[in-house]
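Each structure below appears as structure tokens.
The two complexes that follow have chain A in common; it is paired with chain B in the first and with chain C in the second.
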Partner chain A sequence: MRILRFVGRRLLQLIPVLLGVVVLTFLLVRVLPGDPIRSILGPNATEADAEAARVRFGLDQPIWKQFLDYLGGLVTGDFGTSIQSGASVTGEMALRLGPTLELVVIAVTIAVLLAIWLGIWSARRADRFGDHSVRIFALFGNSIPEFWLGLVLILVGYAALGWFPAPSGRVDPDTDLTPLTGADLIDALLTGNGPAIGSAAAHLVLPVLTLVIGVLAPLLRSVRASALEVLRSEAYAAAAAHGLPERTLLRGYLRRATLVRLPSLAALVFGTALGSTVLVEYVFSWQGFGQWALRGLLYRDYPVVQASVLIIAFAYVLVFLIADVVHAWLDPRVKI
Partner chain B sequence: MPSETSTREQAVTMLDIQDLSVVIHRPGRQVAALSNVSFSVAPGEVVGLVGESGGGKSMVARAIVGMLPSGSHATGRVGFDGADVLRMDAADLAAHRGRGAAICFQNPRGALSPTRTVGRQLIDRLVTHQEMTGERARETAKELFESVGIRNPARRLEAYPHELSGGMAQRVMISLATGCAPGLLIADEPTTGLDVTLTREILRQFRHAADTDGRGVLLISHDLASIAEVCDRVVVLYAGTVVETGPAAKVLREPAHPYTRALLRSVPDVGGGRVVATAGGMPLMTAAPHDCPFAPRCAHAGDDCRSTRPETTALEPGWSLACFHPQQAPLAEATSGEPTKADTRIGDVVLKIEDAHVVYRSRFGSGGHHALRGVSLELKTGETLGVVGESGCGKSTLAKLIMGLVEPSEGSVEVAGKSVKKQSRAERTRAQMVFQDPIGSLSPRRTVGDSIAEPLRAAKVSTAERAKKTEAALARMELDGSILTRLPHELSGGQAQRIGIARALVGQPDLIVFDEPTSALDVTVQAQILDVIADVAADAGHGSVFISHDLATVRGFADRVVVLYLGRVVEEGPVDEVFDRPKHPYTRALLGSAPRLGETRTAAVQLVKDLDEADAATGCALAARCPFVTDTCRSQEQTLQSYGESRAACWRVPELPALIEKS
Partner chain C sequence: MAAIEMTPVVSVNRDGRFAKALIYIGGGILVVAALAALLAPLLTKWGPTEIDPSGTLAAPGGEHLLGTDGNGMDVWSRVLHAARLDLGIAVLAVALAVVVGTILGLLAGYLGGWVDDVLMRIVDIFQAFPTFILALAVSALLGGGFVNLVITIAAVNAPAYARLVRAEVRTLREMQYIDAAKTSGASTIGIMWRHLLPNSLTPVRVIAPLNCGWAMLTLAGLSFLGLGVTVPTAEWGSMISLGTSDVVAGRWWTSVPPGLALLVCVLGFSLLGEGLQERADARRR
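== the complex of A and B ==
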């Protein structure tokens, strides 16, 4: 009950945060140098053509009028019309968000589970060979640029070994997958399309691996550090001095106490991963949200930039809310 | 009372430590933590292991469960039921820990896992060591909680450690250790930080474990006087060596080793005996000593003490010590010198508190914690006011109130005739405070000289004048000028507290508040600091407020004493009157629980619950815990009334002696 009230309160707080984001991005994209109309019309367009285009996208209106129109649209779920494509931003975004979320959620989930397991394993062997190799491996993964790592994985996994499909999309078009959410693996599961499940999963392996290796290090370090802290704590020593068996110690006294600090870091990593998938998407021709937002920004496509910033902000706030609830659930000392 | 145990020598011993030495090697240094320690514990016997910090008490405990710190090298033998703990392999050690010997850790809050309910933690032990499962383990856990005095055990099983009070956490810790069904129960400083009323109760639990379950109990403490009552024998450690071993009653009344005598004399006695300080501190051994380690501090030391280490010799069967010059005079004689309380001139009023209430508001408006409920006090220069009570009674809030760190929600506080609220920065320096944590209360990045001059800087005293005054304050604390450039982490606890007192004194304030100034210090150091404070408090120039949960320290030098309970003054009066002829049932209970040297104490009044279980409803605040409660007490608020020289907030005072007789 307390948790529900806490969630409700936090969701209410979401309103002013998002409102602030809306105002800020709306103003900032307009302050940026560059003109969206010029960039889509090309060098040969006349002044009259440009003027006509401006009228068509409502850019001839005073700023406050544009803002009110935009806000009015938002309330009804309309993010505006893309200047580049002339299509509805809402529709484009729905198509792009699914694949990226699928990628990031799977990657971060795997990274968190792996970090918990490896971090505790490593802390229990602190300063021994296994511990050192795990840490060096994590640091190594953290230091490699993601696009390069992606390329290497393609070279090895596709070109040399041939285990995984070419980096040419998210699912084999021959499988006739009916798109529902945009996340292909989920669509395939929902429609029970057997060949599509296999194809989507195979396409996911390499990009997910790239992201996992990229974000594992900070999570792993954090888990290892707090596991070490717990192992050296008086409470753990007391449990050990009372002769409790290893298994009970690990499950009851080490694991939960270690995980207490992880949720907020995991939320941060999730947010970063969401923003930084652009390069991974590019390398793997993953027609996703990151690429779409990047192109919008390059062409000064105001509605697209506004919508993508808003979505990223929304995702951040939501993920941190989840992290806080998980934290409160893990740590009985936290009051919410 | 412990039974006479000199006949127990022949009984089977469970723990038998022979010639145990532990040397810890650390990069760049080496510490001889224990040197040739030998003693034993039999089943059903309670043995006290006594000494100051650094004496090696905890190291003994760790050696017994085979958890010596890394880098340590142990020689000798830690015999346990025939096996040697030092030579056990991993499997034997796992079986030995818990089932063989289980430790009750010092600081139970920290030793309980914060993310697991205490019930689960207890059931883990039951499952591991008593092969119980499911429902049966739960039932047993409930019974164990009940047996250590936890009310409402079913509900407490679901509690997390942070939801427990200090006393409750200690009870849980004891139940965890006994839940392992150990042959030997080791308690590491089980009563440090607990109130007197609770200390007795907790110690009784250990005696109970020995008497009813036949466990051996090793009770580790720095306070010989308070544990002696439940112990059969005591072992006194100094600098990693055993200096005296003997029956508890004998060692307590006629200690033979000069260190044991120093230890006992350093503890102030609630009966009014004055402490005798022993100069110096415990040395840090780098190798097993070749002389008597206590010789530099010993009044009886001769050349033999400084050149050879005394062998442990038997004085009587079961009583042995390592000393060339055993003392025989009973201890009481040495302390019988009546405290000569200087007749100080009582002057102007420096502190006046009228009907002060303090409420700590909770974060979201409604409710809050009522820390002080209508306290009125007056203090004149040259006077010392003692404030006593259990933790949570509002002592520290009172200190903060006087210093202007919290504002009264009702009532007024005046220091030197001026309301604390309206004081300027310079005027604030007229009241000074000496804190509980000596090192923590000094800024870690400031030199000692800077720290001492702090109040002077606030009062805008010139640099030259500052240096002169700092020097004078330092001289009064008998500290060398070279200490001025040092930083707090380079100081010992005793030195740091002298600095704290010097800082309070330097600006010649009107009022000094001592907030538990000695509770974080070692026993012999505590005696030295109490000496200093007694001297400072006797100054005619300022008034002093001395706050302590330890009644005996207050008795030493306070003129008047107030007893606080749940934010109210329940009794006040001249110190001898309150201590010798207490009126209020609460004061009687407090005094009855305080340890007295060489006496068997019988508490006339036993409170029926722990403080945290007593909810303050209407009527007398003590109603929930008072054994003499009537319906009148529950419905009527009690106010202070005069009874002889002192005042108490209880309407049944005249009937109490008769009531106590009856019970």
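== the complex of A and C ==
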């Protein structure tokens, strides 16, 4: 009950922020230079053609009228029509979310699990060789440009060794995969398409590895720091002094206390990963949300820009909300 | 590519030698990089945008130390010259973000009331996005070029500094020495400038170097996507982007060297930041 009230209050607080995002994107995309109409018309188009196209997309209306139309559509889940493709933005977005979520969710999951294991391992060996290696790895991971790492992995994994498929696409077209969710690996598993499972998994390895390395470093640092804090706490010292077995100390004390901070970290990292996927999708020609949003931005496709910016902001703040709820549920000291 | 985060580095080594080593190594890397950037014309035979008519994509060795790229330009020369732009934009942008963020944070934290409310709601909107996505959107709308890139990267980072300084100021505001200054007739601006500003900058000093590294990665990422600095200007991100097609064909020298240069510089900032953080932690204890 208390948690419900907390979630309700937080959702109410989100409304002004999201409304601010909606207004700001709407205005900025129109005020700043760039014309979405010119890019869809050929070089020989006349002023009359441009005017006709403007009328077709409602861009001839006064700006307050356009805004009210946009808001009215938002309420019913209608994000408008893409100027570039002429298709419904909601439909296009649904197609693009699957591939991106597939990348981000797999990468963040692997990174979180690895970070817990390595971070605790490193903290228990504080200031010894293993710990130093982990810290140096984390420093490198924090400093490496992901898009370049992706290229190096392609150079080694595809061009030199030939172990992985070319960085163009998410599954071999000749595997006859029936799209369901858009996440190819899941679709292949659901339809029981053996060759497609193998192909989708092989295509996933390099981009996921790129994301994992980029995302792992900040997580690892934080897990290590909070594990060290636990190790130095009086509660842990008392438990150790009582002669509790090593396993109990590790599982019952160290791991549990370290995990408390994890939800908020995972949320933060989810945001970093969302940013990185734009680059990683570009490197691996992964036709996902990032590529779609980037094209929208470059061509000033107003409805696409508005929809993608709003969805990202919404997903990001929602993930933080979920993290706070999980944190409160894990840690009885947190008052909500 | 984490932006601004305050993770306490719990140091085991208390005499501060480790922190010192980190600061020297990181600082050393940056000094070498800055020298290389400044002396680039002396260290290279070819200009950064000069085209060798004898051929494109020449392998490293001989006339061209690191070969030539798809346009027939010398890779070694471009890598060195690019350091000017990459380091320059990143450092300028972070400096601008610190100045703007600090001023806003001081105002919000000390004045409170509606100023605080308005500023913090704006900060909320900025922080509703992952930082790289925000940089991407702002630079796509604002356009590329030196000035716009500095503004973009500064704008994305300033809110975090505003929040940081505001939190410091709100604690400092309650201190007795501020009351003492008030009763002795100091003006609001005087208190902010003389008493609050110097003391609220402590966390900023630790974060700023780390942030410079992040700014370099962001700049290169934007240019890689074609939004920041464009060919033929020498910039690491756009050089890597140009080399993308060569990588699939197994030619490493057009995109690996600029990436390595970027990695080394960012590492320099990371080491410096980590050392400063470790030292600050040791002092606090």
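The definition used in the following text is that the second predicted complex is superposed on the first by the 317 of 336 C-alpha atoms of A that agree within 3 Å, B and C clash if a C-alpha of one lies under 4 Å from a C-alpha of the other, contacts with A are read in each partner's own complex, and residues count from 1 in each chain.
Everything that follows uses one rule, which is that contacts are C-beta pairs under 8 Å (C-beta built on N, C-alpha and C of every residue); 3 or more make two chains touch, one makes a residue touch a chain.
All values reported here derive from a predicted model rather than from experimental measurement.
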item: Combined model on chain A where chain B meets chain C, clash or fit; value: fit
item: Touched partner set for A:41, first chain B, second chain C, both or neither; value: neither
item: Per-residue contact with chain A, leading partner among chain C and chain B; value: C
item: Partner chain(s) touched by A:256 [first = chain B, second = chain C, both, neither]; value: first
item: Which of chain B and chain C A:201 touches, first, second, both or neither; value: neither
item: Partner chain in contact with A:242 - chain B first, chain C second, else both or neither; value: first
item: Which of chain B and chain C A:278 touches, first, second, both or neither; value: second
item: Chain B versus chain C as contact partner of A:52, first or second or both or neither; value: neither
item: Chain B versus chain C as contact partner of A:330, first or second or both or neither; value: first
item: Gap in Å between nearest CA atoms once chain C and chain B share a frame through chain A; value: 6
item: Set of chain A residues, in rising order, touched by both chain B and chain C; value: none
item: Chain C contact footprint on chain A (complex, rising order); value: 16-18, 20-21, 24-25, 28-29, 32-34, 126-127, 139-140, 142-148, 151-152, 154-155, 158-160, 166-167, 214, 217-218, 221-222, 225, 228-229, 232, 268-269, 271-272, 274-276, 278-279, 282-283, 294, 297-298, 305, 309, 312-313, 316-317
item: Contacting residues of chain B [partner chain A, same complex]; value: 65, 67, 94-99, 102-103, 105, 107, 110-116, 120-121, 124-125, 127-129, 160, 162, 176-177, 180
item: Chain C residues within the chain A interface of the complex; value: 1-3, 5, 7-10, 12-13, 121-122, 124-125, 128-133, 136-137, 140-143, 213, 217, 220-221, 224-227, 237, 240, 243-244, 247-250, 252, 255-256, 258-259, 262-263, 266-267, 269-271, 274
item: Partner chain B, residues of chain A touching it in the complex; value: 233-245, 248, 252-253, 256-257, 260, 330-333
